Each structure stands twice: as C-alpha cells, then as structure tokens.
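See structure below.
Chain naming follows the written order as A, B and C, and within any one chain the residues start at number 1.
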Amino acid sequence: MISRSLTDNRSKLESIFSDCRDLVMLPWRYGTDMKYEALSVYFESLAEPRDQSFMRNTLQSMAAQPLCSADTCMEQTRLFSFFEQHGASINDGVVIDDFQHAEAQLLLGNVLIFLDGWNKAIMYQANNVKARPVDEPSSESVVKGPREGTVENMRTNVGLLRSRLQTSQFKLKNVVTGGKTHTNVLYGYVEDAVPPHTLAAFMKRITKAEEMEILETSYIEELIEDAVYSPFPQHRYTERPDSAVAALLEGKIIVLVEGTGSILVCPGLFTEFFQNSEDYYERTIISTFIRLLRIIAFFIALLLPSVYISLSTFHPELIPTVLLLAVLDTREGIPFPSLVEAVIMMLSFELLREAGIRLPRPVGSAVSIVGALIIGEAAINAGIASPIMVVIIAVTGIASFSIPQYAIAIALRLLQLPLMLLTATMGIFGMMIGLLWITLHLASLKSLGQPYLSPLAPLRLGQLADTLIRSPLTLLNRSPRRAHNRNNPKQSS
Amino acid sequence: MNSRMIAAALLPILLLTGGCWDQVELTERGFVMGVAIDLAANGGIELTAQIYKPQQKAGVGSSNQGQPYANITTVNSNIFESVRDIPTHLGRRAQWSHQRVILIGEDFAKKHNISEALDFFNRDHEPRQTSKIFITKGKANQFFKKKPLIENTISQQLKRIQESTAKYSAKSMNVNLFMLNLQLESQTGFAAVPYISPDNSQDQSIALKGLALLKNGKMIGALSPIQTEHLNILLNKYKNSIIEIPCEQQVGGNHPLDESLEVVSLQTKIKPKASMESIRVHIAVQIKSSAGELLCSDLSTTKGEKKFIEKVQLLVEQELRALTDQLQARKIDMLGIGNQIYQMNPRLWRSLKPNWDDHFQRAHFTYDIRISLIDTGMLIGKSSVSK
Amino acid sequence: MNQQDLITSGQMAFLFFSFMTGSSIVNVPGPVIGFAHNGAWISLIISNLIGLLLLTCLLMLHKKHAGLTLVECSRKAVGSFVTVLLTVPFIFYLFLMVTWIVIGVGGFMNSSMMRETPSYIFHFFILVTAAWTVRAGMEVMARMFVLYTIIVLFFVFIVLALLFTNYNPDFLLPILPDGIKPVMLGSYFTFGFPFAEIVVFSMLLPYVNKESSSKLPKYMVTALIFNGFVLIMTTLCTLMTYGPLATKLRYPLFAISRLIDFADFMQRIESVVGISLIAGSYMKATIALFALNLMMSRLFKTQDERVFIYPITLICFCLSIVMFDSQAEFDEKVSLVWPLLNLTLAVIPFLIIASVSFIKKEG
C-alpha cells in the first residue's frame, strides 16, 4: 500500500532497494511557492530521465494556474483527481496504488512519481536501455533478400514482425515467467492458419514456463519439446523477421523472449530444416537444384565416412578397380585401421571447428592456416592419415555446413559416430541397421503432435512440392501447404 | 529412463567386444589381378597368381619401387587348396574380387574339362564372372613374367587386348567366365575361348592366335585369326573389321596389295530347318560397308559398283562356306544350330541329340549375302594409285 | 482398437505389398526356376491367381466384420473354445514365419557378402529392429514402410533396367520343355511362399480407418497384382540373362546385379540390391511379428498390447540359432514343407472361420 506520507514511501523504497546503487530518488517541489513535495524514483540504468523535466514542468505549470478560486479548492486534490481520471498530458501516465506493483514497474525501467499527500503514484514509461541496432543477422545471411535481423529488445522485434504481418489475426499472448528473472515471454500465431490442436498442445506445455527461470529461447524449447534426448531438433530458430512471418503464415507458433534475438518456431518438421527463406527469393529452377543439393549433402554428411569404412574393410569388391588401385597406393603404410583413422580425423575436425568459434578474431585466420595446411598436409606426409580420409572428412564437414539449419548439421555429425561404429563391426549390414534405427526414431518422433517426418512419412505427394523442389509461387499459393490447413485458405503474403 | 540408459550404454560395448569377423583392412589383402592355371608335373594344378603391389605414395621420399605386381606360384592337387596356399608365400590374404583374367594352359585344357578348374571361381562369392578367359599356347604363367606396355600389370593388358580386339578387329571374341559358362551349359556343349601365345620375337609380347575350341570343356582344336573373323560373322558378333579383297589384275607386272572394305554394320540370321531326316540351314548376312582402300576397282559408276559388290559377295560366301565345311568335317557345331533347334522344338532335339555330330556333318548350308556400300570415304570411287 | 493407431487403406496396401514382396524377391525366383525352368513365370501367374481368390475371401471377411481381427471374428463365429483350437496353430505358424525370414536373411548375407560373420549377429539385429518397430506402433510402421517400399522398388527396377544389354530373349524358349508338371510343382512352391501368406493380413486389416475403408479392396488387389508383376519380371529377367545357368543360382536378383558393367564405372552395385533385399525381409519380419504379437494379446485378452513383444522376439532369436543344422535342411523345409504348413496351420483355419462366418449370418 502506498502511504500518503512521502517520507514513509521513501523509507520503504530505501529499505526494499537497499544497496541498489543505480536507483535514483530525486526529490523536487512544485506548486506556488514550491510548497508541495514530490519524489521521482527510477533506475538510472534502465530509464531515460530526459522526459522527466517535461513532466515536472507540466506539473509545475498546472499547479501554478489556479484551477479554481483561491480559497475554495486545494490544488493538490484537483491535481490528483486530474491524474486519476486520466486527463490528457504530454506523457501517458498510469496511476498505481499498490506498492508491489510499484516495485515491479520500477524494475521494468519506468519512472515513478510519488506526490506528498497522495496514496497513489504516477508511473511513466521511460525505458531506454541501450540496445543493439537492427542489423544483418549473423547466422543466417542471404545473397538476396531483406537483411534485417531481430535484436534483443522485444518491442523492436515485435515491431519488425507486426509491420510485415498487418492483420488483426496475428495474435500475441503473454506468459510471465517466474523466479527472479521475470522474463517476458510472448508467443504469437495467426489465428486462422494455426491448427487448433497444435495450439492447444502448445498452450498446455508453455504453462510449465511460469515456474522457471527463462534466460533464452532455448529454455522454452526444452520445456515444450516432445523428446528431449533426441539428437534431432524439433523446433526451428530464426533471426529473420521474414522467415518468422512466413512460418506464421504456414500455421506455426512463434515464441519471443525478452533479451534474446532468436525466435523459436514450433512445431519444426524434418523437411523444414532443409529450407531457407532465400529459396523463395531465387528462381524456381535454381532453388529446386539447391534443395536437391541439400538432400545429397544430408546423405553425404551422415553416411560418407561409414561408406568408406565399410567399403575398405568389408567390401573392397564394391569399389571400381581403378579407384581401388589408387586407394591401395595411398593406404599402404598407414598404421591405423580405418575406423581409428576416421575417428581421429573426425575429432580433429570437430576440434578445429570449435576452436574457430572460440578464437578471438585477430587470431581467427590462423586457425584456417593451421588446420588446413599444417594438420592436413603434415598428417599425410607423416603417414598418419591417408589423403582419401582427409578428403572424406573435409567433404563431410562441408556438406554438413551447407544445410541451412545449424541444429540438424550438428545432429548429423553426432550421428556419424555410432554409424561408424556399427559399420566398423558389421559392414554394410551395420550401416543399414543404423539407418533403420535412425529412421525408426525419426518416424516415431512428433513435434507438438505433428508427425516429424511429414510430408515424407505419411506420404502426401501434393505437399512434397515444397520439399524436394520449389514450385513456383503461384502453385504454392493456391494449394494448401499443410493438411490441416485444408479448410483454411492460405493467406497470401 | 534408467533401463534405457543402461541399454544404450551396453549396446556399443556389445558391438566392440563382439569382434569383427569379416573385417579385413585393405592392407591385409592382396588383390589378385590375374590367375594362370597349368598342369603340374605330377598331374596336379600349378596355380600362379599375379598380385597388385601398391606403390607407396604416402610419405615423402618414396623411391623407385620396381614393378607394381608380384607373382606367386603354388602347386597342389586342386584349385581351392592352391588358393589357400597363397598367403603362406605372400603374407596377405588373396582377394579375388578384382580379378581381370584367367589364363588356362593348353596342356590342362586338353586333358581336363576346364569347368573342373573353374568351379571355384563360379561358386565362391568373391571372384566375379566378368573375368576374361584365355587359353594359352604353352604354359600359362609365362605370360605373367612379361612387362606390360602401358598398363600396370599384364593381366590388365590382356583384358584390354580381348576387349579391343573384339571391338575393333573381330579376330577374337569377348569371352568372360559368365559367357563361357553359358556356352558350356548349352545343349551342344561347344565353346570357344580366345587363344594367345607369347611372341618373343619383337616388342609386342602377346600374339593373338584366334580361338581355341572346346567340346564338353576339353580343348579339341583351334581356329586361326582369319577363321575367327568368319566365325564372328556367322555368330553375329562381328562389330567392325575389314574384308580383304584380292586384286586380280596385274598392274605393271605386279599384283597390287589387297583392297579392303570396311564393315560398318553386319547382321547375320541363321535359320535352321530341321527334321529327323535332314537339316537345312539358311544363313542370311547383311553388311553395310564403306570403301577402305581402293587399289584396282572402279566404284564411280553404278555398273562398276554392282560388279564390285557381286565380286565381294561371292568372296564372302566362299570364305564362309570354307569355314562351315571345316567345322562340319571336324564335327564341331560352333554355330549353335543345335541350341536353336532345342529352343524351337525340344522334342525333336531330344531325338537328334545323341547323334548330333553326325547330323551336323550332313547338314546343308545355303547362303544369302547382301552387301551395300554406303560411301567411299573422303575420295571418290576411283583408286588414288596413279597408273 | 486404439483409435489413434489407424492408417489409410493406401498405406495398408503398401504394407501388404512390402510383406508379399519383401523376402520373396530374394528367395523365390531361385527355387521356382529350379523347379520349373523356363516355365517359372507361368507358375507365378497360376499361384498369383490363387492368391487373388484368397484375397477376395479375406476382403469379404473384413467387410463383414470390419474392425475385428481374426481372433475376434472366430470367437463370434465358432465360440471361444474352437477359437483356441484354430488360433494356436496359427500362432505356431507365425513363429515359424518370423524365424525363417530371419534365417533367410542370415543365409543370404553369409553366402553372398559377409562370410565370416556368424549368422546370429544378423538374426539378432534384424529381430531387435523389428521388435522396436512393432513397439512403435502400426502408424509408425506404415509411415516408414511406404518410404522403404518405394526405395526398394526403385532399386530393383534400376537394376533390371541397367541389365538391358544382357537380355537374350532366346533364352526364354523353349517354354515347356518337360511338360506342365514342373510348372505345377513351381506353383505349389510359390503358392506356399509367398501367396498363401496373405491370410496373415486377416489380423491387420482392422487397422484401416473408416474413411478410406471403401477403397481398400481396390488398393489391395492392385498391390497383389503388382507384386505378382514384380516377381514375374524378376524371374523373366533372370531367365533372359542367365539362360540355362539360371537353375544353378541361389539368389538370382543378386547374381544378375553382379553382371552390371556400364560405362566402366557403374559396376558392382550389387550391394545396393543386397541392402534392398535385407530391407524387404526386415519389413516382412516386422509385419509378421506385429501380427503374431497382436494375435497372442487378443487370444489371451491382455490389456497392454505390447507386453508380448520382447518375449516373442527372444523366442524367435533362440529358435533361429538352433533350428537348423545345415543350409540344405533349411532349403528343403522352405521349399517343400512350408507350403504344406502354410495350408494346414494358417489357410485352413482361416477358411474355416471365414466360411462359418458367412454361413452363420445368412442362416
């Protein structure tokens, strides 16, 4: 409860926010003869105090003018009732009567003004934390297309989205999370595009977030995910507003978290991890070719080392003779069996990749020199690795990087290792069994109730048009993109 | 969750302790390029395998390695036993999946049914049925001592010899293990295998001597390269080659060299008409040709061309008839007439089969050769030889 | 029936096709050519037709008792006691089927691609994968198998197409050198494997959802005819390539794929065929295991329908190791005894239940 006495309020605030050095409490006076006291409270790290002087001047001028004849009215009460009835003023003020609410508003970065003799306070929005400007997204760059990426400030992000999706059907709902962070989480969807049962499942799961500390969007992902232990991601991330808007139009739900730029798109289906927003900005034939290339890259990234191991140790009869003789020449004198060599090279590659991310920028170029030239070349010359193996591991790495979504690329490289083990013990049979297990896992995986492998696994040929190839936009716009949208016409972007 | 994690942890251990039964590193295998089968002195088998020797490129300073192959000879009573003796000499297990050729010495072929030697190659899962087969004059393994001209090993060169000869000059046939088996399994049981001999006189180390003829797997004779050409015509396997036409006229006191006609495409149809009493075979050959060398004929007029063609048709018929007469005399049905009769009328074949050799000897052959001339090359139809 | 576990009739037809073609494409053309020589394709046509008759019976039963598996139909028709008498042999038959499919895969891998590996490794992994797939449910199975079937078919047709230059239609003649008797022997064999195994689907048809149930007969018949077509094509192509040698082959599709030698680099793709064959057998084993599990749980009226899966798998694994001492014994059992077993243990109970069902309603 806010008390009428200013000193009481002040001491209460001081006790709550003791040792918070960035809290500013500014006493000032107003009115004729400056006889009335007031107190502005704000966090100087959060709020921009510039607007304050405007407001003080307003108060000053309002109080200075006689609102009525000199003896029959008390200026303060009139002032108070003016604010309580939301009279017009330069800044929008909200009246607060609860102390806890006041505390929360201060923490949000707003300015509170306590007036002596009033049991309420006025709150002004003045949040102005220095934030990163809207810039090109670092992880999803394109050759052609918009270069705006989301930033940490939620309001900016929502602004980027809503300016692209100008419809009242775009709903945004709030979830306030718990713990000490009280992070604001917003989830959005387009009402007539999203399938109702997916939305219901999502809303049921997101309530788990209310008790948790949410620091980043991936925390939300773990909470609403179907299979936490699966290497395959079931939700997509994007930092591009145009991707998010496209996803919304398809009936996906997006989640925004204050303080992070990544937007979570759920549910994420397997085929979407091979799509990129740039596919739609290039020509049909080119995009189709690139999509097919990604499918090949997927298989290369998953299978190439295993294929090499199985062919060289179990089934040399399957290699064409000319290639085999070349391979023989290079493998003579290598001390390790194929599996060990493959694992060593793979580990070196992963180490290089990690090092490349962690190294500070001035030293970054050294990594490519060290990695490519020295390790690769020197290993071959020392006779530790065969050139074929180096080529295979390099091609595998490149193939996995060409897949647009990073999460799937990591999943693939992770799955290489068990596949290599299976292949090293049982040859091509082992590889097949491994593939069967992986497919079984993928087929039984669901993302928010939708089968992960659709439209491949409940095979719907019509929808494959957007998966394997990229049909021209006119065809895409006319046909429903997902089965559950059969009743809802697709919104044209 | 707990039991699942235990299972997930146990599975790799299960795999790793299982041992890898079929796993053999590439460096533990010796890749056999070619194998030669000869009759050993004591009546057993002398098996020589030519194994590829990798040139070690990994590592700087790899100096001159010598020849990229090694020959291993083992003597034993049968093939598989000899095969299993190879690691005792080489130190590596023999890998048969990239074998290029199988050479069989004619001593062996004359005494044994070669299927006895080849059963291993058919049954075992490693060797492929696409290895080429040769029968050699003299011992088979002397070929492996020769240095190849361009290829890595002589086995590879032999394989290419068979392929290119069949493709470009028709003086031999493409016979790999699969086709040999097909021939041996046919109703008549006759087979033809390319026949080679070493040519120690000059730089060319191999001389192709035509075909070796086998009956029931045993070698019973041979055909010269020219006869092989004619046989190929009859079997519709003639791809591209030359017909040589001798010049009759004398120019300036000498016979000029033979003229030649290049065959562009050739189609032969053999139609037997069989009954218990007689067998009549009609052979129709259609040739599309272009002039290869013109030395004494004049093809610039229709009349001259017609005369030339008739001359060639007669010549071809004579050559073919000479071949069939020889085959009939030797009672060798290389033309597969028995097979055709079987396919069309199995019951008749069953009654003909016991005495098929005699029936074949008495068969009547009629020929219908048609040649058409497509073009005369870059020059007109007159000879460029100035008189 | 679990409401969420239903599949469309198109998917059911794919399952049916993969079941029929899965292991038969490995194991059928060899023996049938061995029995009937050049007339093998006629044997296949005959047994395909008989299979069609059986399928009609099956579809009619399904139409009458939609949503009920064979066990429940028989309970309705002949009562609980006779049901037990009829289904126990069927269960025994399914055990044998799963075990023999798995032994067949092991035998194939052992003889063609991986000699040294003991066959129990192949048995183990195929059975474990099948068990996990059955646990995942019918819907997952249907989703996966549609994909796999398309891939297997694709490879088979590629192989048959690439062999085009090796085909020699003369080898198809003479068609009936020894008369019609070998052809009848061939049909006896192919009826047992795979065409009489259609009756297994009496357990699975109830999983089709109501909306697509009307198209079911059309799809199933198409699947059966297409299956016959694929088998006949394989047999014909084998005959045209290998001619008189064909009777000596154990695994014809694999053997002919070894002959592919195209443009000097497209050689040695028989591994691809090998993998498709294994995938096909895996699919068949999974479906059979699913039917077996379902039958047992329906017979014993258990609440949890997945409780029998692991024990069944373990039993099949042990059986697969100890059942046969030699390859020849297995071949003989499969070619001669299996059709008879099929008839007595499965087809006859099925026909009894079906006929009683039809008579009862009309009566």
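To be clear about the criterion, contacts are C-beta pairs under 8 Å (C-beta built on N, C-alpha and C of every residue); 3 or more make two chains touch, one makes a residue touch a chain.
Nothing here was measured: the structure is a model prediction, and the numbers come from that model.
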Exercise. Select the chain whose centre, defined as the mean of its C-alpha atoms, is least distant from the mean of all protein C-alpha atoms.
Key: C
Quiz item: Can you name the chain that lies farthest from chain A, using the mean of each chain's Cα atoms as its centre?
Solution: B
Quiz item: Taking each chain's centre as the mean of its CA atoms, how far is chain B from chain C in angstrom?
Solution: 42
Self-check item: Centroid spacing, where centroids are CA-atom means, of chain A and chain C in whole angstrom
Solution: 48
Exercise. Between chain A and chain B, tell me the centre distance in angstrom, where each centre is the average of that chain's C-alpha atoms.
Key: 68
Exercise. Two or more other chains in contact with one residue: find those residues in chain C.
Key: 113-114, 117, 121, 267
Quiz prompt | Per-residue multi-chain contacts in chain B, two or more chains | solution = 18, 22, 128
Self-check item: Junction residues of chain A - those touching two or more other chains
Solution: 314, 317, 426-427
Exercise. Could you pull out which chain C residues touch chain A in their complex?
Key: 11, 109, 113-114, 117, 121-122, 125-126, 129, 132-133, 136-137, 140, 142-144, 146-147, 264-265, 267-271, 274-275, 278-279, 282
Quiz item: Okay, in this complex, where on chain C does chain B touch?
Solution: 111-118, 121, 170, 173-174, 177, 242-245, 258-259, 261, 267
Quiz item: In their shared complex, at which residues does chain B touch chain A?
Solution: 12, 15-16, 18, 20, 22-27, 29, 31, 52, 54-60, 95, 97-98, 100, 126, 128, 152
Practice problem: Spell out the residues on chain B that touch chain C in their complex, using ranges where they run on. | Solution: 18, 21-22, 125, 128-130, 178, 181-182, 185-187, 340, 342-346
Quiz item: Given the complex with chain B, which residues does chain A contribute to the contact?
Solution: 312-314, 316-317, 321, 324-325, 327-334, 337-338, 380-383, 386-387, 418, 421-422, 424-427
